[in-house]
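Labels A, B, C, D, E and F are assigned to the chains in the order they are written; within every chain, residues are numbered from 1.
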Amino acid sequence: MDRVNSGMKGLDEILNGGLPKGRTILVVGSPGSGKTTFVMQFLASGAKAGEPGLYVSLDEKPERLKADLYSFGWDLDGLEQNGKLTFIDATQLRRPAHHIGQGSVEEGAVGLTIPELTLGSLVRTIKRVSAEEATQRVAVDPITSLMLRYPEEPKRRRALLMFFDALESTGCSCIVTSELRTSMLERRFQIEEYLSHGVVLLHTMVHDGNVIRAVQVEKMRGISHDAQLRPYQIGKSGIEVFPKDRVF
Amino acid sequence: MDRVNSGMKGLDEILNGGLPKGRTILVVGSPGSGKTTFVMQFLASGAKAGEPGLYVSLDEKPERLKADLYSFGWDLDGLEQNGKLTFIDATQLRRPAHHIGQGSVEEGAVGLTIPELTLGSLVRTIKRVSAEEATQRVAVDPITSLMLRYPEEPKRRRALLMFFDALESTGCSCIVTSELRTSMLERRFQIEEYLSHGVVLLHTMVHDGNVIRAVQVEKMRGISHDAQLRPYQIGKSGIEVFPKDRVF
Amino acid sequence: MDRVNSGMKGLDEILNGGLPKGRTILVVGSPGSGKTTFVMQFLASGAKAGEPGLYVSLDEKPERLKADLYSFGWDLDGLEQNGKLTFIDATQLRRPAHHIGQGSVEEGAVGLTIPELTLGSLVRTIKRVSAEEATQRVAVDPITSLMLRYPEEPKRRRALLMFFDALESTGCSCIVTSELRTSMLERRFQIEEYLSHGVVLLHTMVHDGNVIRAVQVEKMRGISHDAQLRPYQIGKSGIEVFPKDRVF
Amino acid sequence: MDRVNSGMKGLDEILNGGLPKGRTILVVGSPGSGKTTFVMQFLASGAKAGEPGLYVSLDEKPERLKADLYSFGWDLDGLEQNGKLTFIDATQLRRPAHHIGQGSVEEGAVGLTIPELTLGSLVRTIKRVSAEEATQRVAVDPITSLMLRYPEEPKRRRALLMFFDALESTGCSCIVTSELRTSMLERRFQIEEYLSHGVVLLHTMVHDGNVIRAVQVEKMRGISHDAQLRPYQIGKSGIEVFPKDRVF
Amino acid sequence: MDRVNSGMKGLDEILNGGLPKGRTILVVGSPGSGKTTFVMQFLASGAKAGEPGLYVSLDEKPERLKADLYSFGWDLDGLEQNGKLTFIDATQLRRPAHHIGQGSVEEGAVGLTIPELTLGSLVRTIKRVSAEEATQRVAVDPITSLMLRYPEEPKRRRALLMFFDALESTGCSCIVTSELRTSMLERRFQIEEYLSHGVVLLHTMVHDGNVIRAVQVEKMRGISHDAQLRPYQIGKSGIEVFPKDRVF
Amino acid sequence: MDRVNSGMKGLDEILNGGLPKGRTILVVGSPGSGKTTFVMQFLASGAKAGEPGLYVSLDEKPERLKADLYSFGWDLDGLEQNGKLTFIDATQLRRPAHHIGQGSVEEGAVGLTIPELTLGSLVRTIKRVSAEEATQRVAVDPITSLMLRYPEEPKRRRALLMFFDALESTGCSCIVTSELRTSMLERRFQIEEYLSHGVVLLHTMVHDGNVIRAVQVEKMRGISHDAQLRPYQIGKSGIEVFPKDRVF
């Protein structure tokens, strides 16, 4: 199976090569675990090596993200200007008339009418842009809000499968992020973990009063990998993984 | 990224500078953990340094809060008189006719008609007042009651994003407080934690029969920070954080 | 902030003075933890010192309570006769025709029609009696049944706030008791804990096969206090708190 | 407060006397913990001392119970014949036409029509019989099925209060049994525990692979008691409590 | 109380004799714990000693079960031919037209129409066959599917009581199996455990990485028994219980 | 009972022979535990030995799976060409008009119309193909999506029984995979575990910061087996089980 560098040397070591080329994998993590940093590092390192990347942002505006990640020194603006990095602001796929604070909102005890993104429009946009930009790497961050539209498990399952199918049809190497519901190592699995080609977990654990960050490749089809919890840090240049260390 | 002093030296050390300027962060804590003290200390220290602050109170009347926090010696009344601190009593956005104990209440087994605050009116008020007062710091304490109006997760997610957008549009450095649902370090994450730019957790833990207060910067986009649990105390002058100590 | 003696010397030590005068605090505890003993001791000690008290009983008839607490030697009947202690039997605010066992009850698989207390009538009664009796201390024990009338969290939140407002409007120092839902130190917080001015927890824990009673001041706005778990006992004269001891 | 012997010497020691006379207490336990043995021992010892007892059985037919408890040697049949013990078979308060296996049952996917006991009829029966038999001790075993008729907590609360009121109006010393929902020491409290005058818990715990039976007086209003977990056994003559021993 | 041999010597020792004759007890266990082996061993040993047995199978076809248990060497076919063992295939009480895979099934998103067994028809069948065959021992394995027809607890409670009554009316010694919902020793009790005359738990625990099988007599009315967890194994000839050993 | 080699020597040792011939067993595991690898190794080893196998894929397209498992060196394409291995793409049993991203999708807040597989059509297909190909081994991976169509437990129970019946009617040795809901050894059992002839659990546990893979034969009717947790690894040639080792 062909590989692509993740942009994190230690992770590539854990994977005995890198992420699977042309496949879609899932990165799951708790708040602050570094999901966005992870995927941006993936895209930025690919972009620097000449592989155009596409970042689809569902919750945060790209401008703000670029400012947030500025200190890592990846020069995201520069890569964007060179056409090596494209940002899709999926937070803006809204019906124009509905903005809170401007008077024309329907407010009532039952609920605010809030505009929504649809799976179909997102997929069409991703396919179009990745074709136009000859994209090789795609990140969708996070898919949680999309999946909330399908509260019943059978529909969510199928929506996820169709979404993963659509991403794979682009031929790009894709990473999709998802929110961990609970902080526990002993937890309830999320459907996405079963349906993904690969799953990387970003844990934040407390052990003996210490906060420990650990990455775990839970699953990576077709790739023989180290299954252990390995410590990682979010340092000055991004995420650094320590493939030879134990968590405690 | 520009910074603003939190008003807590130890916390600024953990953050390698201070809170992110112009951004909105979340402070989550259990009852008695010091959320209100935290945000008031943030506003008061800014106000003393010439940065006007705005405190939006959703559950407690400002007069009572000022009395409660009097012993810390921040002279909140003085700052208010000098226009350095403004209080919005959001507990009063009610329909005037409905007060319990005065006879005209609809009471029945199904429920009392209780007036409600709306997200839209709150946002408009915050924008207006912060413009009028040239506010630089804003605190909204707590957002829990607002979010309860959106019981379905997709709507709550979008309401939060729009609320955070609205706060950021003021250009102020904002802190929003939220209630921790359970006391456990091993817990279910709240949506706000994923959608915020930064999250500070105020834990109250019991270890070996000792009650221990610990602050943890769970997330702070764009800022390299210490991720560890650090002890803090609510002392005579406010919250004091011990960035070099371990919790146990 | 002015203080009033709690009637428990050890607790006043933990609070560096006593309970906040004119405020409403919450006492939460498991079955048998001593909630009723706590509030009655508070009222009795105040009454002995000339501060009239008002005890509002929602589940248990005052006559029975006085008999139950007789052995502590507080002479509740005597205090009542001197007008220093008043008892409101809120268990009797019922529609007269509905008593089980007397034939005129609607019984069916769907449910028995059981009369109910309303928040409004209770508040009006408390205000009236406290004014008439020049009350300085009030206890409402427990508020659980009142709050069950508001199963939806937003309404419950507002009902609690309005109830606390009403109690504070009397100008009295008030204690409200509430039932802990689970026995665990690691637990789900109750709304009342967030909305109260102060919270005292009465824990019953099992450690190494020993049953241990511990009091914890979880929160007390405006008062610098000891936050630790401290052992207490229900002895011959009432509750005794040991502020210098550790639980284990 | 006057006392009555429980029939278990060790328990009377824990209670510094015995159970409260004329009051209703609750015994809560897991399956096999000995709830029925407990209350029958209470009634039998009272009956032997000349205090007539009344046993109200809701799940099990009295004939079968007497056979089950035969080996303890309390001569329940003899006591019954002397009028010292009366059994109410509350399992028989059914509409006569509905018996499964005899053809006239409505069966369908939605549910079987099963006859039910009502709270009102049970209370009337208890009052009548206890008056006729000059009863001094009453046991109701278990109340669980009665309480299931009130799934909503406010109604259940009031039904329980009215039931306890009705039992206390008989003037007898009463014990009501209830089923523990979970086996854990760390558990969710049941409403009955808050509303009862006293609560005795019969735990079955597993510690280091050993099954340990422990009795705990969680609550006993008006009585100063030992609050610890104390071991007990179901021996040849009934329940034996060891008030001086520790569980492990 | 008269006894019958369980077919497991170690268990008879724990029970100080054997199972209660003419009563119905419950065996609860996790998957693979040996519930079916347990009841078949009970029936087979009785059948060998001349006590005819009746096995009612609700989930598995008798032919397949006999093949599954063949290796224990109980010669179930032989016993059946001699009329010492009868098998009721309760999996076949279905409406004939509904079989999946044969075309006449109603399939849709809402659900498949699946035929069901009714409690009444099962009881009539058991009574009839046990009378015809002069049965002395009965096993019903498992009752779970029957009880699922009564999702509401009050109805389920009564259905169980009526079912146990019906079994006891046959005069046979009966064992009913039930599925443990969770694997934990600290668990939520099932209604059947409270309503049965006796309960034997078959635990599969993991301790220090070892899988341990333990039998526990949780309850056995009228019989003084060992309450401890005792190890058991499923060996070549069936279940073997070690009444003198500790689990770890 | 006749046996078939599992393709994993260590597992055959645990089973004292191999899997039961002609029966259907269940393999349950967490994400990344190797369920698909397990069943494919079972089919591939059988195919190599001349026993034709049938793989029914419900979530992943066969082409992609073959690519994923390529590195194990089982030559799945070769076996397929020789007619020793057949793949059913059950992901394609969809109504043709419904594909997201192509315009004719009904999208709305309520939900996307997503086509579904039916149990009946799947069973008919399996029977037909296994007859045509003289199949001896069948794998269905995973059954989770099928079972989600029956949210009510009684219907799910019967659907599973009918599905297992249908598989057994083929006369093949079958393995069905299922998703573990939670990662805990202390967990809630799934219905399939009770209804299957045999259950193999693939655990991924964290112990002392180490990720440990363990296989456990929870149940295997008719076969005397080792019940312990045994470590396994996913190595270069597939799953390797270590029947003599302890997990820690």
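As a convention for this text, a residue touches a chain if its C-beta (ideal position, glycine included) is under 8 Å from a C-beta of that chain, and two chains touch if they have at least 3 such contacts.
These figures come from a predicted structure and were not determined experimentally.
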{"item": "Interface residue identity across copies subunit D, subunit E - same or different by half", "value": "different"}
{"item": "Whole-Å gap between the CA centroids of subunit A and subunit E", "value": "50"}
{"item": "Whole-Å gap separating subunit A and subunit D, where each centre is the average of the chain's CA atoms", "value": "58"}
{"item": "Whole-Å gap between the CA centroids of subunit C and subunit D", "value": "29"}
{"item": "Shared-contact residues (touching 2 or more other chains) in subunit F", "value": "116, 149"}
{"item": "Graph class of chain-chain contacts, one of line, ring, star, complete, other", "value": "ring"}
{"item": "Starting from subunit E, with subunit F taken as the next chain, the full ring order", "value": "E, F, A, B, C, D"}
{"item": "Contact footprint of subunit A on subunit F as seen in their complex", "value": "30-32, 36, 59, 64, 67-71, 91, 99-101, 103, 105, 107, 109, 111-112, 114-116, 142, 144-145, 148-149, 179-184, 204, 206, 209-211, 213, 234-236"}
{"item": "For the subunit F and subunit E complex, residues of the former touching the latter", "value": "1, 116, 118-120, 123-124, 127, 149-150, 152-155, 157-159, 161-163, 166, 185-189, 193-197, 199, 207, 216-224, 227-229, 246-248"}
